[in-house]
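In what comes next, chain A is part of two complexes: it sits with chain B in the first one and with chain C in the second one.
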Partner chain A sequence: MRTAQAVAWKEIQVYFSNPTAYIVGMMFLALSGFFFARDLNDPFPQASLENFFYGANIVLILIAPALTMRLMAEEQKLGTIELLLTSPVRDWEVIIGKYIASFVFLIATVSLTLYYTVLLYVFASPDPGPIYSGYLGLALYGGAALAIGLLCSTLTSNQIVAAVVAMGILLVMFFADLASDNIGGTASTIISEISIRSHFDDFDRGVIDTKHVVYYLSVIAFFLFMSIRALESRRWR
Partner chain B sequence: MDSTFQSSMQSTMIQATGLTHYYGPFPAIQDVNFDVRRGEILGFLGPNGAGKTTTMRILTGYMPPTRGTVTLDGYDVVEKSLEARRRIGYLPETVPLYTEMTVTSYLKYMGTLRGMPPKLIKGRTDDAVGLCHLEDYRKTIIGKLSKGFRQRVGIAQAIMHEPEVLVLDEPTIGIDPIQVVETRRLIEDLGKSQTVVLSSHILPEVSMICERVLIINEGKIVAEDTPKNLAEGLQGVERLEIEIGGPVTDVLPALRKIRGVSRVTHRSLTQKELYTVHVESGKDIRDEISKAVISSGWRLLSMQTVGMSLEEIFLKLTTHEDL
Partner chain C sequence: MSASGTGGTEDEGTGGQRRGDWRRRRRGRVDPETAAIAAQELEENRNNADSPGDLADAAQASRTLASLFEPFLDRIGSYGPPIVLAGIFGLISGIVVVAFVGSMRTYGYVDIVIGGVLVLTVALISLSSVMAAFLSRTGRYGINSLIMILAFTGIVVLINFISFENNKRSDVTATNQFSLAQSTKQLLRELKEPVRATAFYADSDSLGPNPDQNTRDRLARRAQVEETFKEFEALRSSKFSFRIVDPIVQPEIVRVYFGSLPTPLIQETIVVEGLDSTLTHVVQPSNINYSELEQDLYTSILVVSGQDRKTIYFLSGHGERDLDTTNAGPGGDPSGYDNIRAALQRDNYDVRTLLWSPLDENVFVPGEPEVNCVSSDLNCRPSAAMVVIAGPKDSLPVAHASALNRYLLGVKQDAGGNIVDRREAGRLIFLAEPQTPESFAEFMASWGVFISRGYIRDQERSVPNLPHTLQIQASNPVDLPDEVKQSIDFEAAVGIIAPKGQSLGVTRMPGAAPIQVASDPIRSSLPLAITSSSSYLIDDLNRTEPDTGRDGQNDPRGPFFPVYYVEALGPIGAQPPTSAIEDTDITRMVVFGDSDFVNNLNYNLGSGADFFLNSANYLLGDYSLVSIRPKAFTFREFNLNRNEYNFVRFSSWLFMPGILGLMAALVWWVRR
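And now, the complex of A and B:
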């Protein structure tokens, strides 16, 4: 566990000392801020973050892969993976450490948007429920997106490929429920349940449904498990 | 008693048996057998592309062999990988470093990964920095260091946790002559307390540092000897590889008695006793050997002349250097 911590701590330091991460964070703030501002310009504005959360979902499709693309791909490009894999470190410790680092940076970035909430409280009296549940949902959604990004980064030594593939997977999962409309029966249900977006709606409304929490946690667990397996398989390739 | 014969009697640190590795359909190494005794400095000598790096990667558990096994301090590097990796310090050929880290933060990070207790890390970082003469570059970003200094950082990370086995792949490549001398001295010092396996394509380098040399060519071990005896290999001595079933203590003197035999070395493999007989050039003594073996009631299991002459391999090596 200590090694997982060391990996996480090292990656967090890289995030906070690296201009790329700041640019990515800034893009997230600018774009999600745009969605928040759009809400305020409404003729009958609501004191809620509903639109911001929806916008943040879309923006995360671009941002999460940009944050995770470096994590494993660079190790493979630089060859440092050779030292990593010949150290007495378990594969899961590497993956979990890297994942935690990306999650910490994402949460740090997202927490900067808390001033939207402050603004709402200063100028109106918003319903706190959907704000809490929305942030919880955003953390889970972001966590799932990062896990997908990390798997893609583990599979290639090319950061661009890692990012593009992760964005592709996220887009497909995001729009899956739209595609399900065209199909009937059980297949439709299954496809719409895969959708990473449809599970967010309840959070946005202020409902914390265990079903959705379990969904996001399952996505995270599945993709982290696959990442660990992908790293293991490197030894056999 | 012959020096290599003695070595097989002492405790072995690394034992590699029947190592074969394929990259796709191409064999990088084929049936490589060797063992390394505790505290020994063993050199892998061979031209580029001979399979040195592949062997090192298998030793360190970076990739498993297609066939064969390696045990390190008794632990199989594939089955008991974590235990084996705890005992290793490794410098890969490409010296991979995190270019955005400073020298000391990198060394501390590697120390943690190697499972060093936090209390030890500070002190050992200073030791490694001192041994590799990096005192003035503690806070320098690794990306800004020259090739030679990066090599030193690479060595520092390999030695800082005082591993029982040090695996160095081309440790002196790409650094300037003065540093080469220093690096060799450092390796010799480390070899007094640790087991060192290093690879090189430079003949004088290996003869200077190593107690024993394995010459590897096209994925096969073609010779195994002390550096002193290697010179002899250059003077057109032919060799026979013989497998004999019989008591080693009797077979060795018997082989040495045969006329035309200049030297005999012995290796014990699993259920195999291999003898390498060096023959004075121009003589064919296979008849005499088989007669001697049979008449003593031992079993002659195989006998072959060693294919490529050492000279041809040496031509491909870097045999001199300008210092």
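And now, the complex of A and C:
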């Protein structure tokens, strides 16, 4: 695990010393700020972060792949992956380390949106429950999106391809519940449960359900496992 | 399919063609001893043959049956890749069809079988290549990875399945807005059959640029309904499901529940149905803002799942109609109410007799505390959802009138004789007669309902040869006199007269008394039936021709109203309430001027039975079987003045993104 920490620390340094990452974070904040302030002009705006969380769900589909596309694809393109694989680092330590780095950067960026919460407390009296649960859900949702992005980055040496494929997967998972509306029976239930968005609704409302937490953790674990297997396959392909 | 590099040899029988993998494997499996014997036999045949032609025949005869298919299999093998692709496509499309298109499931299975056969055929023809691929180093690692991925996927699916079935929810909102009552959770977990709620909301109810308050309210109610449904459905072990249906887009679903009722009347309606029992119940919100929707849904689920039923008590002990007297057999009584009791039971009501002995002064309508009866006692009588008084012939004692008053007012007497609040005001169906005892008539008059003495003789609409029997048509609210229209309750009119958009037919009432209702601020009423203007009120039952003379003794002329729907906040003289009126404060009653129209004799004649049953259904529609405390909803407003609004907006858009932009510039500058 110490090695994974070292990989993570190295990647975090790369993130924070790279202007591209800041620009990606800036885009996230600009778009989520737009969603937060969207309904303020309504006759009866509500003192909640519901709009922000809804917008952040969409924005993360674009941002998460942008944050992860470089992680493995660049190593493969530059050939440094050979050094990494022959160094005394296990495959899972590489993947976990890089994942932690991207997650830390995402959380750092999301934490800047606490400014919206400050605004709510200054000008109104919001219910803190849905804010806590919303941020918990957003962290889990973002973590799942990053894991998907990391797998795509592991599968190709082209960063653009990695980002586009990750966005495709995220979009399919995001809109899966809409497709399930037109289907009946067990298939509908399965598809709606696969949807990454429908599991966020409860967090947004102020309800923390263990099944949603387990779902997001499962998505993270599954895609990280797939990433490890994909990286490992380079040894015998 | 290529045989090169795997040691393929030429075959005499195929003229030097390259052999398919399957043949090489078949030959390779022949053990040396058998091969030697076969070679010896072939040599013997050669030696015994008289000519080259015989030699060829012998060689041909030595081939196995399978070898006859070799050219055909070779041909198939040469198209291996496209066949495999077609097979995979068949498998995937078949699985998709089976999973998503229920009506084409058979074709999906056929598709899967065809796809499987195609893939398997090519795999068998190229068996050695396939085996080589699996047994190679890459293949072994690949299989190893595949097994690990499948195992991990299985574990993940299993964990999710377990967590879905055993989930725990924590409502972190300040007012526990999304927490169901323990009793509701219990009910949902113990459901024995699937129950589905269908809410009718038009999708066109979108929030435009300048929505009016009604649209906002409607959308808020829809959101409230969906939130509650989600909470009900979130209990995974329950069998509750829901759907939101646009009545304009899916009129066929509307017709299932409401027949030809116009769409505007369907809007915002919620129907709960038991999917096995096919029982349905239309939810009547206790509160227009759906703040008590949990309680309302609870009641509906109880009804459709048959776990609890609304209890109707027929008062007895004052010469009322007997519920158990049948029309059949030697002792049959056509004036009994056996048929209407059975009909109410078919509508899933619990029908009971409430016997009050004339001498018993300690009487009450069930719902008040009973002596020696605790709530867990199965012998306790269920609370009355409605009381029916059908054609009483004897007088009503004062104590009995007092008990009925308490029931109608929605108050009860505790063990100490103190009057305490009851949950809901009462519901009553009163079936009068021209000779209704004075005490009963006085009791009804105290509630503003006047039962006239005498019967209605309608010269236009009486049954031929039966001048006492009215043929009445349910009134059309549009045709009612203007002074009546002022206070009309169209919902009641539709609910009783045309609950599924189908108006009632003719009802036969033998000897009906006209009903009148007092007009005061705490009472509203709606006539449900009307006679023609050629009707008269005759006070002598033996006289069939009205007195239309001008000597001052003539019979009063109609039209009359033999059926009334009445809502009241109290008896005559009660003070109008000063606080907001809840639905549960309102006493509701339907008063018929006749009690014979639903007896065993007339039950099957005309629409009398439907008239009575529709009235019962309407009166009991919003009666709750349970009481669940409504949730407090706090609207936390984010009201800003112009300057604050601009500050919040622009700082949200620019402040935080600006900081990261500056950081990006700084990093770029340093790294430059």
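Everything below uses one rule, namely that the second predicted complex is superposed on the first by the 237 of 237 C-alpha atoms of A that agree within 3 Å, B and C clash if a C-alpha of one lies under 4 Å from a C-alpha of the other, contacts with A are read in each partner's own complex, and residues count from 1 in each chain.
One rule holds in what follows: a residue touches a chain if its C-beta (ideal position, glycine included) is under 8 Å from a C-beta of that chain, and two chains touch if they have at least 3 such contacts.
Because the structure is a prediction, the values reported are computed rather than measured.
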item	value
Which of chain B and chain C A:Ile160 touches, first, second, both or neither	neither
Partner chain(s) touched by A:Leu178 [first = chain B, second = chain C, both, neither]	neither
Which superposed partner A:Ala6 touches (first chain B, second chain C, both, neither)	first
Superposed model, chain A: greater residue contact from chain B or chain C	C
Contacts of A:Val89 with chain B and chain C, given as first, second, both or neither	first
Contacts of A:Ser17 with chain B and chain C, given as first, second, both or neither	both
First (chain B), second (chain C), both or neither touched by A:Phe222	second
Shared chain A contacts, counted only where both chain B and chain C touch the same residue	17-18, 236
Residue numbers on chain B that touch chain A, as the complex places them	57, 60-64, 82-83, 85-86, 88, 90, 92, 94, 96-101, 109-110, 112-115, 157
Contact set on chain A toward chain C in their complex	16-19, 22-23, 25-27, 29-30, 33-34, 36-37, 40-41, 44-48, 109, 112-113, 115-116, 119-120, 123-130, 132-133, 183-185, 187, 193, 201-202, 205-211, 214-215, 218, 221-222, 225-226, 229, 232-233, 236-237
Parts of chain A lying in touch with chain B, wherever the complex brings them together	2-3, 6-7, 10, 14, 17-18, 78-90, 235-236
Of all residues in chain C, those that touch chain A in their complex	99-100, 102, 137-138, 141-142, 145, 148-149, 152-153, 156, 159-160, 163-164, 167-174, 177-178, 216, 227, 230, 234, 236, 634-640, 644-645, 648-649, 651-657, 659-661, 663-665, 667-668, 671
